[in-house]
């Protein structure tokens, strides 16, 4: 992936800082003729938007997206459709408190990118985290909303499956529950335990990590490529590129290390409509290529580094200090990472869908 | 990553099938003037070579590498050095038993890429797994041997930290032990338990997975890029692209989800030579950018799918069958994945080292 | 080059249609710490701006650029500098006459991209040419203004050397004259002939082509790469990608075909400060790599296809028609292509400057 | 284009020096199921091979190509077909005279890349020109042979249309004549004048340049992309990247500058099978996108820089010298550039064919 772009054919480039004029992105390579309105994108953005419960930052960003280019309608093509040219999206930054950044302009918050930016560039835009702010992920969600429309029949959903040390019960998985609680948890019982836990954490000024699972159904078989263009390699990069993510796994993931060869390999039987797999430990991907089973990935989000407890650090002049982060922060950034993870998965699949169509056409053929 | 290439500036392209004439790679973008001999590369290849213990496949490939281009010496430049032009490497395939592939030419081995290749391309080269064979990873190791020389002071090492359900004890970690046992395990006591376990598994025709940890020391701070060019995103893709890998994590990885914000964020103090971090839960990367701490990543390898026990499957004509894989296979492919993981990490770091030098020069500077 | 981006490390992505909300671009990979204000960019944009003489379209676009991201200043860094993160630029479209596009919504103007867009995408945004409008070139000029600042000591200038069949006299070349006449011509005498010629052409509703020469001084030696990354290959693509360009040449260009080997090859002598070339027929590039001599390129712009004379064509339904283009058009689009050509040359050089710094560092070194 | 690769989806990477063990290339992204034998490639290579007349270098390279990977056949798929994995090709270097390179190891031949390589890398492989040798173009021809098979119905041919100051007569154009004379000239009468001219030039130890025209028929409409992914931009880069090329033009090219808008724009009429253009001044490309007309491009090759006449130069120590190039050299490298130009055009078209199939599918569709 290059610096601020990802995708090979469905290519997303984002820009913007937390406290600049606006954030935005350019989606290049989208097929023409796909119906696309601002409302389509806004719907997904609203799921990620902060301030929807007491468990996410109280920063109030309406996050109203504008499509600047790449769509068209007139009196004959009466719904806005993509034209095949770059789709630029813009969200203006609004709730930028003109606050005092003296605390962090020179000091490095532990767990934050502050020190890394200074080491890399020699200085940094410290206002609200600048480019390293999770605000950038709004544009990922926006691009993902377009990606979802590129692949016919694709459905990408996500859920929070672990918060701190608490895990959901997979036997209680209910996709409809996901949109009912403040955590995108698929298990109502777990969600109520999360409430308690996160309230306690929030009150003592601390934070928690999380694990998110994303699932793509309707992924055509054959996406991916043998070696470095593996579908799961690109998924790994896409999910790991989300702020605060420290781990990514596909299918059984790390658990696969503990399985025997018999347990791990998914057996096959003849189905009505081709092959039926008897299990999906592979997470829908074999040898880097989709099999038609649901693609399943999980990623781990570290606990928010902005916490109230004072922590030891240094500043850019090498002076030792203590720092505590006041202000509006998510006690568990993993929650809002759910729609972001979905979006990244959708983008990777859309990209590989186009790549497969390029190399093999609509349908592979036995050569003779 | 494109199909068969990875890296942006230090770019590796591999080719070749398990049972073709040869496998090879082209390394483009390597800086000029770096001493490089075939022996430098062979040393790393020998660590990955099969047949060195009863725990790896008995296929006997000398894996003798030839440098076809990109180096130069004469009576003044008396050691071979890179010229800056593409370095092509070739290994001839030798131990290709002219065996009977009737078993797998049409049937899909569970857990293997067989079915995925047919779904993608319409057919496949089934001899020895064709392009999906782990044999390709020899070229990763070869490219990694070059990458190690690109970054001054870089040291990349790896170790197997889990086999099946057995884990090493981190308190007994000893890098020198790694080269002494057949598992690249850093813990002698664990290694002896691995012997027992894997012997049993091998005898019953089954297989085991593993977790490998790779560590890069001497990584200059500032490598990586804020958003999609994150160092850890590229590491995730690189490691996930290795055959049979199902999960990747950096620093605390999935464990970070269970930590509190206080536990997770690495505090800093002033050191003699800049900043000293009091811990390294971040795995040497903050906000996608290296901090100068060791870069630490782990990846999970699934158990070998080629096992003796008969498994249910179908063939390309949709007929249900059973299949058992005879022949020479690693009972735990994770073992030989250790040098491969090291190589991939080295390649990613070399690539980002060049990318950082491009954008920022040798040293970042405070603007005024 | 990918669809709407160019450059490998200094990477420019543009978006926007002639009659959409705005046009813009994202410049990624720019080094940090470079002073950059909107005024720096505006200066170059104003040279390209229409409506400055009767020889360019009367469309009145103030073309006021806004920097949306990627720069920073505070009370210590008192001048805006680049941060190393993506620089997004935006120009709002203002003078969009709500005119009637009935003439061209279905009919294909000869020489225009209308038919090609329909053949490619199935339909098109016909308002003002949509994405194919030369308006996009404003963003090239804006990106070029940044590129000029990336390479220390770089000076890129351009001039119109031929309009229709009229050529300038190279013996009268005067860079200061370029900014004094309406044609960017370096020869005052030729400029006055151009006035006459173009007035006549304009009055009869026709149009003329042109040849532009662009010259980069202060190009460090060593930029480019041996084979496909040749500096002149990237210059050729960059200039050919400008609207209406049909030919590109470097140094002697097509004339080199008629020279003898003796005439063509530039001899060298020892200079005070390294090598002195006795001529520059190579245009500053040998084997795809800059030599330190000025880089000289020329490109041919076809006559404006939007002309008043009725022309035979068909429409999207296959019906034969005649079409004449009314409205505000440049009688010679080549004039305003001068700053565009400069910008593209500057962008290519900036990109290769970073690429060379990546591979070789600040200075190449004899290996031993 | 990156250093030693070109193409986005149909991607070619070459390696090898004039006097190394071998030269080769990797073609990645080729669709599966395309019949491809070594003979298919050898046919094209033989057209480029030196030593076929007294007008090309007498170096005797059989240039026997081997396919190392990426094809497959068995008793059911009885003809070798591409598998979709990377196709590696290798040609061993054979006729490397162990000659004395003392003349050029330190001295810079005027017009050659010698000085540029030293300025870039600090040193160079001087044996036979190393990487800058035209020998690399054999791999372009080989890759082109594959590209030709990717696009159904594509036919790419080339011809030499100018040698020194002598031009062919377009009215006498005869494609069959091209294979009959030693110059790939489409005009028998011109070819006989070329014999005389080049004999004289060869005898006096000098050299001549040339202009080559390449024509692609059967190019599907819709290839290319609006802005930077223009088909002609990629053609320009591809042709300019050929050794010794100094200019590229499409359709009318530089001549377009002298035409009026009426003359230049190709009118359209309704044809039996869609649109018929009444002329092809555009060279088959409008707005960067193919129209279905033949794609026509020309490129100028400078005279061979290796000449017998002594020329003034310096060496790497800054000492002034004279140099004359003895040995086996083409008096007009333009001749053998004909199949190379064809190959590059074929590669670009194949790449854009896949890119168009990716974005738009097999057929564009009116959105509603």
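Which chain is which? They are A, B, C and D, in the order written, and residues in each are numbered from 1.
The rule is simple: contacts are C-beta pairs under 8 Å (C-beta built on N, C-alpha and C of every residue); 3 or more make two chains touch, one makes a residue touch a chain.
Note that the structure is a prediction, hence the values are computed from the model and not measured.
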Set of chains whose contacts include both subunit B and subunit A: C, D
Pair of chains joined by more contacts [C-beta pairs], B-C or A-C: A-C
Centroid comparison with subunit C (C-alpha atoms), farthest chain: B
Separation of mean Cα positions, subunit C and subunit B [Å, integer]: 44
Inter-centroid spacing, subunit D versus subunit C (mean Cα positions, whole Å): 26
Subunit A and subunit C, separation of their C-alpha mean positions in angstrom: 38
Multi-partner residues of subunit C (each touching 2 or more other chains): 2-5, 14, 29, 32-33, 77, 84-85, 120-123, 131, 226, 360, 364-367
Touching residues on subunit B, where the partner in the complex is subunit A: 1-6, 8, 14, 108-113, 115-117, 119-123, 131-132, 136, 162-165, 201, 206-211, 221-230, 232-241, 243, 246-270, 274-275, 278, 282-283, 285-292, 300-307, 309, 311-314, 318-320, 334, 356, 360, 364-367
Subunit D residues touching subunit B - in the complex, by the definition given at the top: 2-5, 11, 13-17, 20-24, 26, 28-29, 32-33, 66, 68-70, 72, 74, 77, 83-88, 105, 120-125, 130-131
Contacting residues of subunit D [partner subunit A, same complex]: 9, 29-33, 35, 76-79, 81, 84-85, 226, 354-355, 357-362, 364-368
